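Should a chain be cited, it is by its letter among A, B, C, D, E and F, assigned in written order, with residues numbered from 1 in that chain.
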Amino acid sequence: MTQTSSKSPPPISRFSLPKLEELPDDVRARILAVQEKAGFVPNVFMVLARRPDEFRAFFAYHDALMVKEGGGLSKGEREMIVVATSAANDCNYCVVAHGALVRVYEKQPLLADQVATNYRTADISPRQRAMLDFAMKVSTEAHLVSEADFAAVAGHGFSDEDIWDIAAISAFFALSNRIANVTGMRPNDEFYLMGRLPK
Amino acid sequence: MTQTSSKSPPPISRFSLPKLEELPDDVRARILAVQEKAGFVPNVFMVLARRPDEFRAFFAYHDALMVKEGGGLSKGEREMIVVATSAANDCNYCVVAHGALVRVYEKQPLLADQVATNYRTADISPRQRAMLDFAMKVSTEAHLVSEADFAAVAGHGFSDEDIWDIAAISAFFALSNRIANVTGMRPNDEFYLMGRLPK
Amino acid sequence: MTQTSSKSPPPISRFSLPKLEELPDDVRARILAVQEKAGFVPNVFMVLARRPDEFRAFFAYHDALMVKEGGGLSKGEREMIVVATSAANDCNYCVVAHGALVRVYEKQPLLADQVATNYRTADISPRQRAMLDFAMKVSTEAHLVSEADFAAVAGHGFSDEDIWDIAAISAFFALSNRIANVTGMRPNDEFYLMGRLPK
Amino acid sequence: MTQTSSKSPPPISRFSLPKLEELPDDVRARILAVQEKAGFVPNVFMVLARRPDEFRAFFAYHDALMVKEGGGLSKGEREMIVVATSAANDCNYCVVAHGALVRVYEKQPLLADQVATNYRTADISPRQRAMLDFAMKVSTEAHLVSEADFAAVAGHGFSDEDIWDIAAISAFFALSNRIANVTGMRPNDEFYLMGRLPK
Amino acid sequence: MTQTSSKSPPPISRFSLPKLEELPDDVRARILAVQEKAGFVPNVFMVLARRPDEFRAFFAYHDALMVKEGGGLSKGEREMIVVATSAANDCNYCVVAHGALVRVYEKQPLLADQVATNYRTADISPRQRAMLDFAMKVSTEAHLVSEADFAAVAGHGFSDEDIWDIAAISAFFALSNRIANVTGMRPNDEFYLMGRLPK
Amino acid sequence: MTQTSSKSPPPISRFSLPKLEELPDDVRARILAVQEKAGFVPNVFMVLARRPDEFRAFFAYHDALMVKEGGGLSKGEREMIVVATSAANDCNYCVVAHGALVRVYEKQPLLADQVATNYRTADISPRQRAMLDFAMKVSTEAHLVSEADFAAVAGHGFSDEDIWDIAAISAFFALSNRIANVTGMRPNDEFYLMGRLPK
């Protein structure tokens, strides 16, 4: 057994956490809503809630990119972008939490682990491979993105709006990964098994 | 003379731009307000306005981090973080636009160029050096930030709230830099000279 | 659903595979023994079997390092070294297969995913952290290993024999990761869920 | 205000400086000549003058590459090479001093800052872009320069002599940047504003 | 004279060495055989002998890859792979010892030094260049090896079996280099001059 | 035998070479003098002679740094700096030619190969190790050289003048390495064996 003690759970952030009852109403309402839906409160909500304005902006940005309807990217594909770029940034919270969403949305229990380790050999389509190549370049060397990169991804049928989505998701999680790594944000235990078992 | 022709100005984004009159009221109001105050519309506003929800979240996040009163970081110091990390990401828009703000806020015409090229030799205090060391680590290898890094920056009198600010500004511009680089966002000509001449 | 078709399973190697009945007796016996014990044949056995001499040397080396009794490293700790260094090498086979072993040996369902993404924030002891720091330096920049590195790991109670083990495991999987990545070695589906559920 | 005190100006080198009157006649004459022409003595002259033989060789080399007449590179283009490669080496002196020369020679007040931050998005011609691509490869990974690189730059009309110039300027500033960074060579304040205002 | 003293020779490993007479018979026999053949015992044998099982596996693996007859790679070409990849890993033992073998097998006294410093400019054929390009990619970024890399090397006439050899040799010396660097394995003085003089 | 044909020797530069009789008198005289002394003309002289002004500046700089009398660095130590930094830049000409000089000056036939592959494990004194650590930092990341680096090297008895020498030699060969790599400068065969045999 590796964990030192089972008495107190490990902290979910190196920064202090707010009390739920002291939060602004809208922030608390959002947290209670996600708890209602997911059955638990993903730690990112509690870690960020100590800064209500940043909390609101963060989730507004997140929702604008990740939960939108329509467009050329499925919800699962959006989450694949998160997993691939977050793994490149060694961000444990984002890989584990969004890996769960990849499994759930794609109904593919093996996919998230493949994308996290090496998306180039994952069970994805050539179109998805092109999407992740573009997302990874934005994540790791955006200053080198060229028209050739745009042409490569557009060649797989992605529209300009889709490409903006790919880039913006990659960019948004460049932010998220850094916040999660600096705060030592711990993924909830619930995420690890989610979507791994047949329903 | 390098520029090919003076007839049509170079594009400010590789993505299409919205028409001001077609934008949602709050977005247009924000743009007109900044024009009123600055005398011109910084291109980031027009480039992002084609996505109103992302526009709102972006500037809400920006304002929460950059224009707040109080705390251990001056406005000029916040902008120094932007310039140092954006230079590390080779982001022309952010270095030029926020370099102007460093000069204006700090009333120091040389400082922005120094911070952009090599902040380690810039005319800054040891405390500011520690602030930028931490910000740069968040920007370039957040997964390696350790308690020793927190201790180093705290040792210069930065509180936990200040350190969160430093990290969050660095993380937010990790996002901004990638958006600006992917969109080919062009800095307004006005920024280059701003704050360089004595008033 | 991402996978293109469920008709034929994806290949487990880009190189041709031998037929079990054509293999030398000792190689076939080893394969049948592991199938008997594990309930399936881990793909590494079939992928390497086309080269019987290399197969024998590979598993002899593996067993000398990984299944030995005694010494300062538990079986689970040996597997943690494999997971951490294989993740740094983006080796999907090794991360998935040995991640399963970490979970089984350590009876800790979350640990492998933590170690794979960022061992610095995993639920491990300071002693295990020092072990992985040393292993990672051997994996990524062995030419820079210095007496200070030996002193750091020895300071946590590891003997010279233990340190050799740490280094040799890291070195052996430098070999394994490259073989697995070049051959496109695919982890068996069985590994992904192994050790994740309470017994 | 960031600078600690306005009493004593910051040092221009971490090494001792010679007295002008103690210098060999030719070295002093060169310094007085540049002062006569520029209105001030660029700090590189005083920092290097403590080693007269190296001073002579340095400026002889510099002049052979930078002030020559004829050839396919304009003076402004030669200075662009300096700015792009010096920025890649984080050399504050060279970026600021030679950025001034880019502005003056090219009569383009914005160009130097663009080239310093990301020459790939600067207002330059495709031919100049190819010139800087070659120069940057020489600066950062000369051991990988191949015939394909020669063909790419030659394809824009650069002769073998021009390509030698591009490579030699890049190589010479690999030397200059290291000297400037090690000595903590400080750019003169005069450089920062030079060429930014219309005459 | 640089070496401090000629009294005691420098150690050949930072780990303890076994006594020849205490070794298992087969290990001792192998060592005596190589001494008989080469005229001295290459230090790798003594350094590894303290772990007989690893010794046996190491040399079994080595022999399976390096001394085989037939196939598309000559003995000298196999050793070139070792020298190029070991130089990239800054492994003094492997560069010196296998550089000697390149000289001996190829009857080319200059080749090993060329391959060690920059194989791209060495006196080798285009086919050998393609072989080393593939080997180096396996050594330094095996996770990026793609079908295009396989096609490039196959285009020079290497069969699938040859490509496996190239990859496996590169992978095996990824192991060897790390062991040699961690143990501080010292090359025997005899290797340095071997094959440099005409017979 | 690897080399394709013994008929025509491989070129010593990818650029055209001047004819000796057409060179300016001083350049030709310098070349004849080195031939008289060394018994052959090192290729660097012929490759650079096509540009007489650069030739003169190059060798004036070289001589000012490498052949000076007095100071805390021996001739052999100066050459060690060249070999270590040139190996880091994968420069075959400089490693081979200056490796010969290390052997000759230090009367140590093994030293150059050790320094080229990994100076950290070479047979050098702690003082020489500190010298090379400083030189390597100047060569690879001069913008990060800090007062701590100066203190480390000064702590081994190097004066400010010595440290300037170390830095300037490292910087000068940053130039030389790039010129040699871009021109495909080939080391003379004579260098490889020089200093390897007892006299």
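Everything below uses one rule, namely that a contact is a pair of C-beta atoms (placed from the backbone, for glycine too) under 8 Å apart; a residue touches a chain by one contact, two chains touch by 3 or more.
Since this is a predicted model, take the numbers as computed values, not measurements.
The chains that touch both chain A and chain B are C, D.
Note on connectivity: the fewest steps through touching chains from chain D to chain E is 1. Taking CA atoms, the transformation carrying chain D onto chain F includes a rotation by 180°, reported to the nearest 5. When the contact pairs of A-B are matched by residue number against A-E, D-E or D-F, over half are shared only with D-F. Chain B and chain F, compared by their mean Cα positions, are separated by 44 Å.
Centroids of chain E and chain F (each the mean of its C-alpha atoms) stand 27 Å apart.
For this pair, chain C with chain E, the centres built from the Cα atoms lie 24 Å apart.
For chain A, the set of residues touching two or more other chains reads 90-91, 118, 143, 181. If you check each pair of chains against the touch rule, the ones that pass are A-B, A-C, A-D, A-E, B-C, B-D, B-F, C-E, C-F, D-E, D-F, E-F. The touching residues of chain F, when paired with chain D in their complex, are 14-16, 51, 53-54, 56-58, 60-61, 63-65, 89-91, 138-139, 142-143, 145, 150, 160, 164, 167-168, 170-172, 174-179, 181-183.
Interface residues of chain C, counted against chain B in their complex, comprise 118, 120. Looking at the complex, you find that chain B touches chain D at residues 1-4, 10, 76, 87, 90-92, 95-96, 106-111, 113-114, 116-118, 121-125, 128, 181, 184, 186, 189, 192-193, 196-197. Interface residues of chain E, counted against chain A in their complex, comprise 143-144, 146.
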